[in-house]
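Labels A, B, C, D, E and F are assigned to the chains in the order they are written; within every chain, residues are numbered from 1.
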Amino acid sequence: MWLELRQIFDQLSVDPNVRAVILSGAGPRAFTAGLDVKAASQGMLGGKEGVGKLDPGRIAVQMRRHVASFQDCITAVEKCEKPVICVMHGISYGLGIDLSCTADVRICSKDTQFCVKEVDIGLAADIGTLTRLPKIVGSYGWVKEVSMTARPFGAEEAMRVGFVNSVYEAKADAVSAAIEMGVLMASKSPIAVQGTKELLNWSRDHTVQDGLRYTGVWNSAALQTSDVATALLSGLEKRTPTFEKL
Amino acid sequence: MWLELRQIFDQLSVDPNVRAVILSGAGPRAFTAGLDVKAASQGMLGGKEGVGKLDPGRIAVQMRRHVASFQDCITAVEKCEKPVICVMHGISYGLGIDLSCTADVRICSKDTQFCVKEVDIGLAADIGTLTRLPKIVGSYGWVKEVSMTARPFGAEEAMRVGFVNSVYEAKADAVSAAIEMGVLMASKSPIAVQGTKELLNWSRDHTVQDGLRYTGVWNSAALQTSDVATALLSGLEKRTPTFEKL
Amino acid sequence: MWLELRQIFDQLSVDPNVRAVILSGAGPRAFTAGLDVKAASQGMLGGKEGVGKLDPGRIAVQMRRHVASFQDCITAVEKCEKPVICVMHGISYGLGIDLSCTADVRICSKDTQFCVKEVDIGLAADIGTLTRLPKIVGSYGWVKEVSMTARPFGAEEAMRVGFVNSVYEAKADAVSAAIEMGVLMASKSPIAVQGTKELLNWSRDHTVQDGLRYTGVWNSAALQTSDVATALLSGLEKRTPTFEKL
Amino acid sequence: MWLELRQIFDQLSVDPNVRAVILSGAGPRAFTAGLDVKAASQGMLGGKEGVGKLDPGRIAVQMRRHVASFQDCITAVEKCEKPVICVMHGISYGLGIDLSCTADVRICSKDTQFCVKEVDIGLAADIGTLTRLPKIVGSYGWVKEVSMTARPFGAEEAMRVGFVNSVYEAKADAVSAAIEMGVLMASKSPIAVQGTKELLNWSRDHTVQDGLRYTGVWNSAALQTSDVATALLSGLEKRTPTFEKL
Amino acid sequence: MWLELRQIFDQLSVDPNVRAVILSGAGPRAFTAGLDVKAASQGMLGGKEGVGKLDPGRIAVQMRRHVASFQDCITAVEKCEKPVICVMHGISYGLGIDLSCTADVRICSKDTQFCVKEVDIGLAADIGTLTRLPKIVGSYGWVKEVSMTARPFGAEEAMRVGFVNSVYEAKADAVSAAIEMGVLMASKSPIAVQGTKELLNWSRDHTVQDGLRYTGVWNSAALQTSDVATALLSGLEKRTPTFEKL
Amino acid sequence: MWLELRQIFDQLSVDPNVRAVILSGAGPRAFTAGLDVKAASQGMLGGKEGVGKLDPGRIAVQMRRHVASFQDCITAVEKCEKPVICVMHGISYGLGIDLSCTADVRICSKDTQFCVKEVDIGLAADIGTLTRLPKIVGSYGWVKEVSMTARPFGAEEAMRVGFVNSVYEAKADAVSAAIEMGVLMASKSPIAVQGTKELLNWSRDHTVQDGLRYTGVWNSAALQTSDVATALLSGLEKRTPTFEKL
């Protein structure tokens, strides 16, 4: 399933018909109940038979490769050039946190139960939560608490610490709100919106000076789009602009 | 105007009579209505006549230089060695956000309307907002939302996400509060206050270890100021210390 | 006392009987009243007699060494491999902030008074506050304000900006809550909890890509612990797991 | 062809039967004559018909994606977990330099002609030479000269500046030497050899402290291999050790 | 004089008539005899009268500003977008090393005497040598030796360690060779040559991955120049291409 | 022995009577024959008895701590504030390389045999060689070859690639030369020499801009030493200056 997720987002990233992506969970009960631990641990070692033959140094190589390819699947969402809005509801545990951290915006319904669950199964979260969560929310102490205790937290707390942007009464409301936000993003110049995403992701990982420099180089091409003229003209003429696909 | 802004802040930075700077907007309606797009786009290309002759690779060079020199003007506020308090009111769009992000403290009046407006005119903000805003407020998802939708937001929301430090009834109140804060900063040792600004700016862009090391080297000189003795003595004698200019 | 603090935390870090650490202040009045300035300034210069003989370049060397060894003492708390929960109450000024910033979680009682006090004694805080505080709380402008004005702030404000995780009625309540949180952390796999701490600390100072890579390498060994099997089995059998010391 | 190169090296990277890779050019005349410029430029834009419809901002997006996927193909050689020895002969221009820079060791025959050719076709090399070459050879001024003049250089000069490790009379000799070196590497513990490659690549891009830390974490698993015992025992018994595949 | 140097290079950087710059010393005896120490130390402190009034903390602020503005002057050579070839002869001490390290290529005459002279006047070189020299030559131990002993070294040694690209019989020969190299660079596409300089400078200070990414973004605009077509067409038609100014 | 090495260098670092350090090997046969593997592997696991009880995840924790404390011992040489000259002769294998890479200058006698020996005992070198060697010598391909083949190399090759600064006929000659160099360094201002060491080490791990900034801050204190006046005055009076201890 995770390999498929990667393929889908790699494709959405360059499909000119796509301008924004909503990522939500099927069914009423859960966004995701977390990793199927048994399947994953088998995946790591290529099935039970293989394990016995390897020394811990060689098992480590298999594990590292496995974790890396799993991380790559999830990272495909972050690398998607189009904005991604993640809608969460119900149980959103473990991998649900890893996955949602790669989206640009997170919203949820009131009934959502979040949990950085991994310590409860004997491991430190390794598919991205421990790397991305402290860069998404402001309170580092809160990140440490929920990650080291596996304490569940609700929608209101997620809103207070800035993990989600807004909370809605029910899943359907949250999905509607996400679609509305996606439609709004899709109505803007795709050059502008996708550039904004890229520059914010770059800036997260670089100094202010490197951020400014990269921005200038990026926009030296992007500003040559006809979207700027289209937008300005529409503004003067007080009509809704139409932008070419990207 | 932006070149002038740079000159002024370069000068304030080293003027020994200045201990704190308040940056606010003239007039009742707006802190800044954003970039005069027409003027800027002409500036980028050296006027209309010039454009036709250049290929996109050469236009990109002009644009990069133009964006860089614009960024430098704004960055002069950040580089100013004295603390800068920015007071916003009314319309605070586009460049108003870029500019205020370079101040140390932001406060505003209740009526302030903020907007990362750039996607509405077909471009990704390139004068600093996308680089600095995620390092100023804690919720990365919120930054992405307001930057990719150009959704306006008010004073209360700006306060909630930590973009502004406090909100006042009217512009005049905000200016008074800023002056009070500036006077408070100006009453402290300028060696201490300016060092604090520098060390916080350095730490934003470096690891904890690099931050600690730089701090130690910085203070190996700064601690030799007579301000420490002045401050301690005044404390013992329960009177207000007076510190030399810097 | 600070050298002792370092020795204690170096020892707690590797003592297999320790799974979580609570750091609180003795007595009812203060977590810490800040640095004993007189003692420190003497320490810096090796006593008054020594100062006169040295030129400012040589004094700077002494000061840099002194600050560095002071920083190292405080950093020992951050480097402690076990989770550290800091409980604050009453006066928590100056070094109290430096110290608490190295803990993983901060909680406090309602009566706590915080202050980044250093500018009041003529210096920029150099034992870690200016480096760590902006990475702990989300609002950079707030950090600048409290650091450049030395304005005290209370428990509620500390909670609002994310400096503390929760506020309790009295010191005793806060200590109880810390113990409860520590017991909870101690009941989980120590491989998982200590790995989580390490990976979060690494991620704070590195790019997302470096964070993911380091996580994969770290877990390539950690996942080979028997704690994973212990945790999964206990889950299936609905009983509380017991994990070996670490 | 480049996509195929990537697939091959992705496969070699994890194929347990492979312990070292020799990369050389077919035919007597050239290691590689450089990029087929016409094909590449068509590839960039998806064929001629597509170009006319796009504005320079949108063309830039296509170009960036194209360059990135080209870079990824070449980078697959660097990411290959097994050591790669590159043998060059005859004409080794443009992409030949990009490609060889991703190998671990470069050797060549006396007749090799090297050239960072890109400025001669109007572009700055973008498939890796400008990024990797200055980290491979010691003289930065030499890198600038050959990159900004497109001046060809021979085997002796390549040896003097440290671009190649050794020079052989003819291509066949160089290939033999490469095979000998590959066989030598393959006779060592694969855990040790592949770890060495990884740690050197990591160190190139990180500070000494980050390098030491990463090394310690890496080896905390790798040292648990049975290869250490195998190597030590063989040493004592003065026989050639045999190491399991990896 | 240094302020003038900065203005000149800032101007050369954007003057479309300039495609390459040769930097050499006037007169037969010296490229530069190093800093006029007396003048510099007065400059640092704004003249003798000013010094007495300031405490060491305040003197440090003046010194830091002075060093920074001096560094900025020298850095202007590095930031010049056109390639800079530095020709050295005779005495090339102290600031001569600082300055030449900012050029892209260094060549010299046989009689050149180099010296990182600063420790002989009681200071660590602070105008760039200690920062740039280890990134220019391959042998870090050699850099340490010549910087910590102030041992002079000659042209042959400078060539051996890669500090200069080539050595000529006399100053006139070196200047001729520099002009020839400059003319060669000037005959290439300025988009390509200036892009090459920028990308090499960026790569020196960034990881390979950041280098590749920046390169792709840079070239997404640069590849749209008509210079590529001009170069290719000239190649097919076997004539010398002419490129537009930049 | 390694813990002792650390204590000695920690002490030399701050002992005002020490101005330069020579590090050489006792006896005629070897600088160091490399790690006593048996002792080390026992050290890692706290003796044989302990191993059986631990799972691979817990063994990894012990190993990581052991490697880290070993690295710290070696790093003490690099952190020593005084210049360190390492003299090698005879067998200089394994840890001899790790150790010598932390010195500032390396010289050797003609008979020296170097070897990055670790892959021969089944492990990737983890006490510093793989991190520091590529930053010391210019040819990255050469580093990869000798590290992945464990091929020994002699003094001449070490000189050619820049690993050692010079080669002497016999150990005694090399020691004499080192003492001469040490005496020369010791005759200069210790503020200048020690500052030069620090700034070069900082620059190795930072961008040019960060290097320039740090240098300016460092020298804002260091330039206030009386050594500058002492050096200048002695120069004018053509006599040998005497500098105070540091």
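Heads up, the rule we're going with is that a residue touches a chain if its C-beta (ideal position, glycine included) is under 8 Å from a C-beta of that chain, and two chains touch if they have at least 3 such contacts.
By chain, with names taken from UniProt: A, B, C, D, E, F = Delta(3,5)-Delta(2,4)-dienoyl-CoA isomerase.
Bear in mind that the values here come from a model prediction, so they are computed numbers and not experimental data.
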C-alpha-based rotation, subunit D on subunit F, 0 to 180 degrees, nearest 5: 120
Pair with more cross-chain C-beta pairs in contact, given B-C and A-D: B-C
Mean-CA-position distance for subunit F and subunit A (Å): 45
Touching two or more other chains - residues of subunit D: 56, 59-61, 135, 137-139, 161-162, 191, 204, 206, 209, 217-218, 220-225, 227
Partner subunit F, residues of subunit B touching it in the complex: 206, 210, 214, 217-218, 220-221, 224
Subunit E partner contacts - residues on subunit F that touch it in the complex: 83, 103-106, 135-139, 161-165, 181, 184-185, 188-189, 191-193, 195-200, 203-204, 207-209, 211-213, 215-225, 227-232, 235, 243
Sites on subunit E touched by subunit B in the complex: 14, 55-58, 60-61, 65, 191, 194, 221-227, 244, 246
Touching residues on subunit C, where the partner in the complex is subunit B: 37-38, 41, 44, 56, 59-61, 63-64, 67-68, 71, 75, 78, 118-126, 128, 130-132, 134-135, 137-145, 147-151, 161-162, 204-206
